[in-house]
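Two complexes come next, and they have one chain in common, subunit A, joined by subunit B in the first and subunit C in the second.
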Partner chain A sequence: MIKVKLFATFRNGREKEIHFEYYEGITGREIIEKLGIKEEEVAIFIVNGRDKKWDEPIEDEATVSLFPPVGGG
Partner chain B sequence: MGKYDRNMNTLSKEENESLKNFKICVVGCGGIGGYVIEMLGRLGIGYITVIDGDVFEETNLNRQILSNSQTIGKSKAQTARERMKLVNPDIYVNAVFSHLNGENGMELIKGHHLVIDALDDVETRFILQDICEKLGLPLIHGAIAGWYGQVTTIFPGDKTLDFLYKKRTTKGIERKLGNPSFAPALIGSIQVSEALKVLIRRGEVLRKKILYIDTFAQEYEIVEFF
Partner chain C sequence: MFGYAGKVLRINLTEKQIKLEDLDMNLARKYLGGRGLATKIFMDEVDPNVEPLSPENKLIVASGPLTGTTVPTGGRYMVITKAPLTGTIGCSNSGGYFGAELKSAGYDMIIFEGKADSPVYISIEDDKVEIKDASHLWGKLVSEATDELMNKYGQKARVLCIGPAGERLSKIAAIMNDYDRAAGRSGVGAVMGSKNLKAVVVKGSKKAKYADEEETKKVVSDKIKKIRENGITGEGLPTYGTAVLVNIINEHGILPVKNFQKAYSEDADKISGETMTRDILVRRNPCYRCPIACGRWVKLKDGREVGGPEYETLWAFGADCGIYDIDAIAEANFWCNEYGLDTISAGTTIAAAMELYEKGYVKDEEIEEDGYSFKFGDVEAIIGWTKKMGAREGFGDKLAEGSYRLCESYGVPELSMSVKKQELPAYDPRGVQGHGLEYATSNRGGCHVRGYMISPEILGSPEKLDRFTLEGKAEWVKVFQDLTAVIDSLGVCLFTSFALGAQDYVELMNAVSGTDYNVDTLLEAGSRIYTLERLFNIKAGIDPKEDKLPDRLLEEPIPEGPSKGHVHRLSELLPKYYEIRGWGRDGIPTEETLQKLSV
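Coming up: the complex of A and B.
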């Protein structure tokens, strides 16, 4: 099982925490595709506190956090 | 001491006195920057450089503390200096009425002890991170969008912005959500508390951690980067 935590506007129309069945080789890119989120909408993508590339496989029991960009001042 | 009495004993007398010897550079005098300058000035930071090439306009009135019916059309940086003359005449404010960029950045930032990111665009933030990296200076990052905001404290070598903005040119969600009055005050306050702790070398700072605030859900999440 992979836990995905969504923040800010990513929660619009979605739960704030979503669980995905783990399978070998599952990547961040596949997860956001399932969520209907585009890569360019994501500012922070971390897996268990570590920055990951979109096509790197994610391990079972991982926590994935997705944040949209906040850039105003 | 007088005006700093109520800083006791959050700060020791020696710590409060030491603040007059510090130089802080605040980049951006808009929503976040206005509040940050106010708080640094009232703390008694002795020398504050404030950088902004903009003048106030009507759309700033909903959130920028330095904007009002009298300051529309005036330089944000110079308005900050004028206000601080009234708030705390014992400190010096160096007002720079131009935008920070790759050409003027090193010259403007060098000589300070710490830098505060109160910018409103991602591209210039990366320029600022590079400059602070080269000059070996701590950078306190803050950003806002709608109900949301984030703060992190970046030391040379951390390059935390590389984690926060995966796509460097990304436009933030503030383009859609705008920025209400409470967001810059909240984020600016946290940035100033971070700056103070870095200067007095006490307390926990948000190094390699991002505090992500959602005032709509009223959630405060600290995400650690390893």
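Coming up: the complex of A and C.
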């Protein structure tokens, strides 16, 4: 199982937390495709708090967090 | 004379004398304005060893050359003084509308000297400047004092004032303007209080002058376009405010929890920008000519509509105190604004008191009469203690001194999460190495807005850096600190830098002021300003050994969450930083560097 957490405007029309069945080799790119989010809409894509490349496989039980361009303070 | 008003107002409160002086344009070319120029003037006039709350300390309220112009976000003013919290140069910056109004009244800055023998306020209506009796305003909350002055001077007047915290010389007192904007940090409000100066009310009618009006129009519209098209300044900040950071920072495992004992919380979403927008947001609350409008206007539980909490405040009174109740935090924020307290230092000082209590240093009998606990997570406590701190009542008197002096009084200064006695903001540096170097080397003590390394290390702007590595970080910190010094000196908002780069500021400054800066000379001015501030601190007796972080952040790895296992590696970064700054190994700027920058 992979937990995907969505933030800011990615929550519009979607649940804020979505679970995906794990399979070997699943990548960030596949996950956002399933969510209908385009790569260029994502500013921060982290897996367990660490940066990852879109085509790197994600491990089972991981938490994926996705943010659009957001802000500072 | 373009951009600048060309005039300095010097007000001696002891002698009740008001003088008008010409701005020294040669100095302005070197130190730009605002933060830089006011620091230079302050250093030329004040002994760095001055006692911050004595009449000999001065307080400068300064705008920049772009303040009050059509440049987007050009409403900033800065407060320069020797800071009571840190003993370093004090340099606090605020938005709203006061700064632009001061410029349109015809002044680049006001220099306050001495001490009035009874409470006064200053009224400025263009050329008419008066020192007035403020005994009827003394003791009043910020909104009460502001209302009263607005009723007298009209709704177009702009008011800067202190609340009871500044009057009572709290070392974490802010200077407030336009009700809910704050020159928040380092206790600058106490300096105003020590001078018996309650408020400044200003009304101006003069238009800004431009070196090249057509070019300014063109450049300004280009920069507004860039700000609107940037994801951070065009969408993230307008929609959610700075509070949007709560989830971002938490997901990276660097949201300090319970006085930096942990760095991740499962409950962070409850105090996030997303939750604030959904549950309590009424509308946006923009500053002068700002296309970003990150400020919030929110509804409190009792129905009152007030200025809303920033990210820093949501964290300081929230996760850092173990609290995840957005209504309670919004109320604590409201009381900080009313008493005139810095929300970062106020919230984190309560968090430090909570750890002192948890570890048995603060005993129940000490706080029994106050009626509030110091248990992490106690919602009533953060509101109750904020009021007591603002009024210096009961144990609140100790809190009003800030976390360092509080923890030191129990023999455990190491429990204060501060640098140079100023409380750290909302990012655990163990998981952002460059940002930690920035904390350690900030000229005003623990601070995130001297060189906001969260931008490249977390947000990926202008490019993404690995937050755990050290390579190149010292160089990045220097450039960010120098550019920030420029932005603060010009009188625009730091948030523009998500969308604009050094070349954009060059274009704005040259179009408005008719100067001929380029990226190199503008950044060199930033470096000159940064080095000047450093010199002040050294002359004021701040040992470069104080360029450090609390032991906890250097020695204890983050216990859980996405940054688990990391400590901050300051000792590996600092020598490189000194080297590229042209400072000796002892952290003191070399003669050669001072000459090169012509400080």
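Observations on the structure shown:
Heads up, the rule we're going with is that the second predicted complex is superposed on the first by the 70 of 73 C-alpha atoms of A that agree within 3 Å, B and C clash if a C-alpha of one lies under 4 Å from a C-alpha of the other, contacts with A are read in each partner's own complex, and residues count from 1 in each chain.
Definition applied: a residue touches a chain if its C-beta (ideal position, glycine included) is under 8 Å from a C-beta of that chain, and two chains touch if they have at least 3 such contacts.
Just so it is clear, the structure is predicted and the values come from calculations on it, not from any experiment.
When both complexes are overlaid on chain A, the residue A:40 reaches subunit B alone and has no touch with subunit C.
In the superposition on chain A, A:50 makes contact with both subunit B and subunit C.
In the superposed model, A:67 makes contact with both subunit B and subunit C. Of the two partner chains, neither subunit B nor subunit C is touched by A:22.
Taken together, the two structures place residues 7-9, 11, 16, 43-44, 46, 49-51, 65, 67-73 of subunit A in contact with subunit B in one case and with subunit C in the other. Residues 5, 7-9, 11, 16, 43-44, 46, 48-51, 65, 67-73 of subunit A are the ones touching subunit C in the complex. On the side of subunit A, the complex with subunit B involves touching residues 7-9, 11, 16, 39-40, 42-46, 49-51, 65, 67-73. The touching residues of subunit C, counted against subunit A in their complex, run 230-233, 235-237, 239-245, 247-248, 251-253, 269, 272-274, 294, 310-312, 426, 452, 454-455, 458-460, 464, 466, 495, 498, 561-563.
Residue ranges of subunit B in contact with subunit A, taken from their complex: 28, 30-33, 117-122, 125, 142-150, 162-167, 170-174, 176-177, 179, 183-184, 210, 212, 214, 217, 221, 223-226.
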